[in-house]
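Below: one structure in structure tokens.
Note that the chains take the letters A, B, C and D in the order they are written out, and that residue 1 is the start of every chain.
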Amino acid sequence: MTHDMDKIREIISRSPAQPSSLITVLQDIQREFHYLPCEALKEASKMLYVPLSKVFSASTFYNAFSLTPRGENIIRVCQGTACHIRGADQLLEQLETGLQIKSGQTTPDMKYTLEVVNCVGACAMAPVMIVNDKYHANVRVDRALKLAKRG
Amino acid sequence: MIDIQLNGKMVKAEEGEMLLSIIRREGIDVPALCDHQAIEPCGSCRLCMVEISHRDWEGWKKHVTSCLYPAEDGLIVNTHTEQVLEIRRNILDLYLARCPNSKVIQKLAEEHGVYKTSFDKIPNADNCIMCYACTRICEVLGRSAISAVYRGHDKVIAPPFNEEPPDCIGCLSCAMICPTGVIPWSDENGVRTIWKKKFDLIVCEKCGKEIISRDFADYLIETRAIPEDYFKSCDDCKRIDLARKMGAIVLQAEEAKL
Amino acid sequence: MNYRLVVNPSLCTGCRTCELACAFYHTKDKKPGRSRIYPIAHAPDKFVPVTCLQCDDAACAKSCCFDALKRNETTGAIELNVEKCVKCRACVAACPFGCALIDEVHDEIIKCDLCGGSPACAAFCPTKALEYKKIEVKAASRQSA
Amino acid sequence: MRVDSVTKLDKLRNDYRKLIDTQKKRILVCLGPGCLAMGSDTILEEFKKVFSEKKVKDVTVESVKKTGCHGFCARGPLVVIEPDGIFYTKVKKIHVAEIVEKTLMNGEIIDKLLYIDPKSNKQIIDYKEIPFYAHQQRISLRNVGQIDPDNIGDYIANSGYAAMAKALTTMSPQEVIDEVSKSGLRGRGGAGFPTGRKWATCAKVESDTRYVICNGDEGDPGAFMDRCIMEGDPHSVIEGMIICAFAVGSREGYIYVREEYPLAVINLQTAIDAAREYGFLGENIMGSGLNFDIKISRGGGAFVCGESSALMKSVAGEVGEPRAKYVRSVVKGLRDQPTVLNNVESFATVPVILDKGSEWFASIGTKKSTGTKAFSLAGKINNTGLIEVPMGVTLREIIYDIGDGIPKGRKFKAVQTGGPSGGCLPEDKLDLPVDFDTLTEAGSMMGSGGMVIMDDQTCMVEVARYFLEFLVFESCGKCVPCREGLYQLYKLCTKICEGEATEDDIDLMEKLSKTIQIASLCGLGQSGPNPFVSTLQYFRDEYLAHIRDKKCPGGVCRKLITYKINDLCTGCLACIDVCPVKAITGKKKEKHVLDTDICDRCGACYAVCTFDAIDIE
């Protein structure tokens, strides 16, 4: 997959050209493309004077970053303690069966990506799932798939 | 100079000097796998852990990695308490599960009385103990061609994208410093292979012996101001060359005397 | 301070006592390793004992990326700190005289360290082709490496 | 407009107060995390839409305010009508018209939206009288849920920035440090280090550059106090940081916000911009000569970045691996410069201390743990939500008086505090006072303030397994005890959950735990075995039940339970729909049949059955 290099350079140049901008730049790239394209990381390495290996380290260390393209809809199931004891595992299982993917994967048609997230701080309304930044509270297992597919 | 008590003996040390180097100087055997003088200490292997207390601080006792703890006056250091040994045994036990095939680990564990791991062995284990020596040495060279990627139990040392590392110059420092010798490399037919990247080797123009990777030589020429000529022949041929040149001068001088 | 290992090839008979002395002086774990000095024949029965010249602007020290090679200001020798040595062999490749060596026996890099101030090779040289002696060195000519 | 003197600030405050007084009625819609997840944003929009179309006496579009978390999440979405404090719960979009019509236009109370006290069965109109609120004392949360976080005027009207003005114009840095020290404030992030002492140490280190960092990396699952403060009252954090910067002599501050809190980033940025506009951030603040500005640093989703040295690496754009801290970060922190790192709640508390005095603050709470502490209540408890209580109240008061006990009349089993670094305390520890030292002594810890309540349908072994799994995933992987040790601990715990462990395995786990606690490099590893150690300490019988009897008393561990359908089944098909492995068959209105051979015991059927027709054995 190739990306608009001008766009990538524009995103990187929003932050000061120094190594300490790395995480911010990666976040900006991720927001734009929903993942970190390889060529963007190489460009970031050059423009921020950070060795490519360190860019790769950071990209794989932080949970927020994905090195593979993600689907149009991102479904995240909270795995916080409160959600866990209120049945988050069952929600996840429903979604995995329903979408026929494991968590961390994307459906072959690139429509849905299923992810888990460690506590989004909406514990009072556990279990919680987030579909494209929209929070859903007190999700019942029989509603999970419908909420996910509604987008 | 300050005074510290090491296993009951008073020793002198420089303030701020790391405990491990004092321990080594005193000839006490404390294991350490991630420690190497060419790189900054990082405290990842945890084997050099010692017990410390202080002459003046009643009841204060800690376990610290000696490679990273700076000496201060009045410190009381014990390298072989039962608890310290227990920690070392348990860590080696974990290492045996992680790297069951490493001779280095096996030997060290046996020396500590651990002959087999209490835990389930890690599937697909290699001999990497994740001590970061390779990445740290690469950083000292200013290359940082490889790094630790992913995190937690999945952490591995790898080049970016698991492809040929663009910043690698084939110097072998990583493979050489690795305490368990896990980084594969080869020199064959004038080509060095490491991290799946191939490097041309400079071969001796006289005898054809392989000397150094072209990229590493270029690096030394550029950053260390070594004349390019120095890399043309191997050490054997350079000695013979020197002998010939000196010999010629000596002969000349002898003839002049006659 | 101003001592140097002075080589007089005219006196060298190629007996290789220096090699033995060197290897044994540096012996560890009862296995003699490689010598740091070699009498090399440059003509029939004519030998030059080749060893490290402890160059002023030493390529070995310059090439070491880890600061493992440092001049001992007392003896004048450039000494290798084995603890710091990574065995990358940059010095072996860089020394223009081939005097940084690989000791395969102990898997180490070695070079002449003037035995800390009393070189065994000179002590054992039967013909005084090798002598460790005081010489006049102009203060400015020696820069610390 | 630049506010550079106390007089100007006083005038501004009066102007804002007058403005608020002109709005005779105010409608506060809670947009806290809980209410937002229940769709309170649509309620806010609906109110605004109604008032933009309709003229109502004493009410304008400006009267509708969004606020941060009001606290009583279990009853959300919440709408409060001030100044009377009318408290409507579980409000839906369809109720908006009714509220406008009845309450706002005719002054009627809508009974069905009121909170009913389960003990007295009485409706309560004013929220302050609801036991959930009545037992609280709010200091760090003083404005959360009361003001519009995007409106600096609301904050200033509530005496905001007054403490900063007082400190910068009438006190010396040393006096500020002394005041904070005397208040006895201890770090709210969990470890409880005295804040005043931290500031004093930092101020003493010789350096041209000092940093102030606010730790908003609230990673403990089950905790959301910091999120609510950052989203609901961002100015209080900024004000606290400015006071700190003045005290220690810093020019640059960072707020590190975790990746999972995008709204906190937005609200904080809005607040920083507003504060800059008024001159509360920037050059020569309040004419005192203090130059200070704040940047937001977003996390990347790594729990370990809550650890101070890892956080500072992350701020510097690196991988968040902790370093050994034999030199403390207050001496050598961000970019090797002296750095004060405090938690969100600590900074939010500081202005109140300076405003009301250290004596007042120290009189609240216990001798060694002064003041109040915010907690988030979650899990198997009726009143989930955000609370703040004086230190020293008992766990029982929090769980039963404020939290109203366990839902569905089930039995309390344990309360988990301190997140993955903390532990689980059983019933007989409920009368312990909640303060830093007592909880640590009992084998748990205060942590950042997450409290997850567990009932008898929770398996404590499985809870330990859950936390260990979390930690294995979140370990940075730098040191061996944490990386390999926690992994092996997790594997062994899983073995117990699957009924395949022996009692020797418990001994091995205990031995390993000790090594991990002593030998790990950072706090994550050192406290990593706590969930296991504390559950074993208090619930050893549950461990033994898994091992000896191959039974899971909580009915959670899949390999040790079976699901059965009893005669209460009405044949509603709900369980058949959700069963992912198609283990249940049956027709409508006929008792369904569950094939235990196919069943993979996921529990989905149990979760959807509304007739108690599924038994766990």
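In this text, a contact is a pair of C-beta atoms (placed from the backbone, for glycine too) under 8 Å apart; a residue touches a chain by one contact, two chains touch by 3 or more.
This one's a predicted model, so the numbers in the text were calculated from it and none came from an experiment.
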item: Pair joined by the larger number of C-beta contacts - A-B, B-D; value: B-D
item: Inter-centroid spacing, chain B versus chain A (mean Cα positions, whole Å); value: 38
item: Distance between chain centroids, defined by C-alpha means - chain B, chain D (Å); value: 45
item: Whole-Å separation of chain centres (CA-atom averages), chain C against chain D; value: 68
item: Computed distance of Cα centres, chain C from chain A, in Å; value: 60
item: In chain A, residues with contacts to at least two other chains; value: 54, 57, 61
item: For chain B, residues that touch 2 or more chains besides their own; value: 148, 150-151
item: Multi-partner residues of chain D (at least 2 other chains); value: 302, 319, 473-474, 476
item: Touching pairs - complete list by chain label; value: A-B, A-D, B-C, B-D
item: Partner chain D, residues of chain A touching it in the complex; value: 19-24, 26-27, 50, 54, 57-58, 61-65, 79-87, 89-90, 93-94, 96-97, 117-126, 128, 133, 135-138, 140-142
item: In the complex with chain B, residue positions of chain D that touch it; value: 302, 319, 323-324, 326-327, 472-481, 483-485, 487-488, 491-492, 508, 511-512, 515, 518-521
item: Chain C residues within the chain B interface of the complex; value: 7, 9-10, 38, 40-43, 46-48, 50, 59, 62-63, 65-68, 81, 83-90, 92-101
item: Touching residues on chain D, where the partner in the complex is chain A; value: 33-34, 36-38, 73-74, 76, 218-224, 227-228, 259-262, 297-303, 314-320, 376-380, 384-386, 416, 419, 450, 452, 454, 458, 463, 466-467, 470, 473-474, 476, 574, 577-578, 580, 602-604, 607-608
item: Complex interface listing, chain B residues touching chain C; value: 36-38, 137, 140-141, 171-173, 176-177, 202, 211-212, 216-217, 220, 224-227, 229-231, 233-244, 246-248, 250-251, 253-254
